[in-house]
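One structure follows; several queries about it will come next.
As written, the chains take the letters A, B, C and D, and residue 1 is the first residue of each chain.
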Amino acid sequence: MKTEIVEKRKVRLKNGVLLTGLPGIGLIGQVVGRYLVEELGTKKVANLYSHHFPHQVFMTKKGSMRLIKNSIYEYKSPGAELLILVGDVQAMSSVGQYEVADQILEYAKKAGIGTIVTVGGYSTGKISEERRVFAVATHKDLAASFKKRGVIFGEAKGSIVGIAGLLPALGKLRGLKGICLMGETHGGYVDTVSARNIVKLLSDYFGIPIDLKRIDQRAKESEKMLKKIEEEIQKSMVVPYEAPKGVSYIR
Amino acid sequence: MKTEIVEKRKVRLKNGVLLTGLPGIGLIGQVVGRYLVEELGTKKVANLYSHHFPHQVFMTKKGSMRLIKNSIYEYKSPGAELLILVGDVQAMSSVGQYEVADQILEYAKKAGIGTIVTVGGYSTGKISEERRVFAVATHKDLAASFKKRGVIFGEAKGSIVGIAGLLPALGKLRGLKGICLMGETHGGYVDTVSARNIVKLLSDYFGIPIDLKRIDQRAKESEKMLKKIEEEIQKSMVVPYEAPKGVSYIR
Amino acid sequence: MKTEIVEKRKVRLKNGVLLTGLPGIGLIGQVVGRYLVEELGTKKVANLYSHHFPHQVFMTKKGSMRLIKNSIYEYKSPGAELLILVGDVQAMSSVGQYEVADQILEYAKKAGIGTIVTVGGYSTGKISEERRVFAVATHKDLAASFKKRGVIFGEAKGSIVGIAGLLPALGKLRGLKGICLMGETHGGYVDTVSARNIVKLLSDYFGIPIDLKRIDQRAKESEKMLKKIEEEIQKSMVVPYEAPKGVSYIR
Amino acid sequence: MKTEIVEKRKVRLKNGVLLTGLPGIGLIGQVVGRYLVEELGTKKVANLYSHHFPHQVFMTKKGSMRLIKNSIYEYKSPGAELLILVGDVQAMSSVGQYEVADQILEYAKKAGIGTIVTVGGYSTGKISEERRVFAVATHKDLAASFKKRGVIFGEAKGSIVGIAGLLPALGKLRGLKGICLMGETHGGYVDTVSARNIVKLLSDYFGIPIDLKRIDQRAKESEKMLKKIEEEIQKSMVVPYEAPKGVSYIR
């Protein structure tokens, strides 16, 4: 076994979009990906297994088991053709990351994907009121269409680690357009508020009605907890670990 | 050389069972596997070598040497067709674990295996009187047939590390049924008592008469030693290392 | 994806020289390589991508992104046919280093390269006025032509780590001539003075007019800073880290 | 590039012996191998390069450079047909060790090798007067012929790490006979005395006249130095590091 995408059903889109939400900074990608998969009534079309994932198997509550994997779900509406990639992990080595990205791109090309949108976090080391969305894109027209909706280009600095960067950058070599959306976040906590903003952005961008009730609720709770953490920190006057500013490690 | 199964004799079963007992938590798998191989009068049918095993060679008492390896033994009775996989080690990396599992499954398919039963330990961090048997299975009917004999499904939590989890989970992708039996154990000691229970369970399940005398003797001695360890610990009031509860690392 | 050289334009030279300047000791190779690429009005002919490079993507100031890579630039004058290899990184493992070197050599053979000149640093652990150029070469005639210009052979000791050593040594097995030029340097700082000397040497050797103004300016600033560092060290009487003398780790 | 044996001259023996002396415990293998290569007037027939060796190149005193490698030398007398494998290093990972061993065996089979004799050290953690020679062998007749000359079988315990164990053990799977000779040694020092004994043994065994003058001289000097070390240790009453007794790590 190597890295392998096992299809449950063949997908052939005309000009589809591949959206990825995998574990990384602030778990923003994973939270966004899973929320869309649940709220949009998607259907699973493929599983991705890899010898670069941990050699572990999860036990389920019902007494069954399953391999560690990534999965691809399909959503279709009159205006949008989406494949959404979510999963437990990213590959554990550089060789593995490139191999997995390569397999996904091969699959995407066959499935008729024209654009790749990856979601991650951009860590600032601060808990800020505002949660801006930063991005880098491979093509100007793609960037322009997101700029209109308030996404900020040219401010995020440093490098993007993992699939969120590799997929659009490698995709460009194969003729695909790509963008990496990064939700502003502290970096040390799961950030549902930042994830919620990106869900809203994607809902608007693709013209897909997504019910935000559940994630709004979770974002409020998360925000309360973060405020408490901040107050505790200021009371104790202990300086918290600061993630390096302006450098984005998405993984 | 890669991972390679060298056959001493071709095996063609109708609906065989592959049983694995390799080193892992509490050495339960290894103790069970070796006991069955010895007590059942099995015959070796294949050796498995891998470049993912340590680059070492064992010296024998007779002045010879042998490679680190896994071996497969055959047992046949009117009611049961078993292949038993035992060995010195498991592969040392994730890539190696998947490769070895893959080679075993390919061999198993050719040999006519329909079901995979792996044996491991489930660490609780406690030395408890009771030694329950937990399990996860890929198919409900397989689970049901073990439930009848007191095996507990749906209580074990976390992940299974190594071949004990990979074989049944990867096997399912190839149309095989699979179950992982986990003997309850502290996790920090070799647990012959828990291994003994699983030997008994397998003897009943497969309708194979297995003489338990030798393992009963060893289990008694092991139990005495564990009790002494426990008393020492309580006297000294030093808290021993506690393996994480409810998480099973089988390796 | 493995290691791959993506050509923008086919290059066919008669007896070309491949010059490499990648990150290593004192960043001398990288500084030399980039200066030549900029000053000589070269044209990019190929990019090299590898799964042995970090799984990261750089964000650009303009809001775009790019893969970590090495690049090859072409320079042609009546007297010289040069390919110049520069880049962000070297491969991260031994297996990766050999794979990347092998791909470069295959490309070089096809492109008509006859000689390989790699540039690196030779760390002495001292900040010395003088910045000699040491070298080792695969063929005597190649060595002789550099000796005439003051390059020192037979004094550098130890081993050369990375592409600066592998390329000429592996190239020899394929019938290419090769030399590794090493600028004398402390080893703990970027050394523009030493890099400047090698730029001058290459300008003379290849009979290529290279404007040294920019690098002279940077060398002066760098030298001032190093002198200050030295004075501070002597004032504080704290012994600085000394790189092992006579051993060259080019990486 | 992978692991590759580059032949300078084809070798076709009738029933040759492959003797290996690579770096390991007490450097005994390397000292024996190099001494034989020098004293016997051997000729180099092949070089072995591998991407599992360090990505380094050695600089030579004459201002040249060379890859890290293993080399094979041929010695022929009316009574003996020997290939001697010596080199700078062993492969750095388990996967690499198996790959290199495999390439050597393939070469050996083609060259007409029937027997493999590897040389290593057996560390006892003591500096003892006596330097016995321990061994393990794949075949009884081979063992018997060495027993006659005082080599001890069945006493060495534990495992042999690296090529000294892998070659004979993997060779057996391919129909070759093999023995690993281990010179008794402390384990923490280069042991020329123990190496000298094995040179003498091989000289007798193969009926090859080997001049022992040079190694006798070095052994005397080495013995003096070891005695001094021992005296110093006993004076200072500091307990030296003791290598684990009865376990042989040859590498």
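Here is the rule we use: contacts are C-beta pairs under 8 Å (C-beta built on N, C-alpha and C of every residue); 3 or more make two chains touch, one makes a residue touch a chain.
Small disclaimer: the values here were computed from a predicted structure and weren't measured.
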item: Turn needed to bring chain B onto chain D - CA fit, degrees, nearest 5; value: 90
item: Farthest-lying chain, centroid of Cα atoms versus that of chain B; value: C
item: Interface sides of chain A and chain B: same vs different residues, half threshold; value: different
item: Centroid spacing, where centroids are CA-atom means, of chain A and chain C in whole angstrom; value: 38
item: Residues within chain A bordering two or more other chains; value: none
item: Touch-based graph of the chains, sorted into line, ring, star, complete or other; value: ring
item: Pairwise chain contacts under the document criterion; value: A-B, A-C, B-D, C-D
item: Touching residues (chain side chain C, partner chain A) in the complex; value: 1, 6, 49, 51-67, 92
item: Residues on chain B engaged by chain A in the complex (per definition of touch); value: 94-95, 97-99, 101-102, 135-138, 143, 153-154, 156-162, 165-166, 168-170, 173, 180, 248
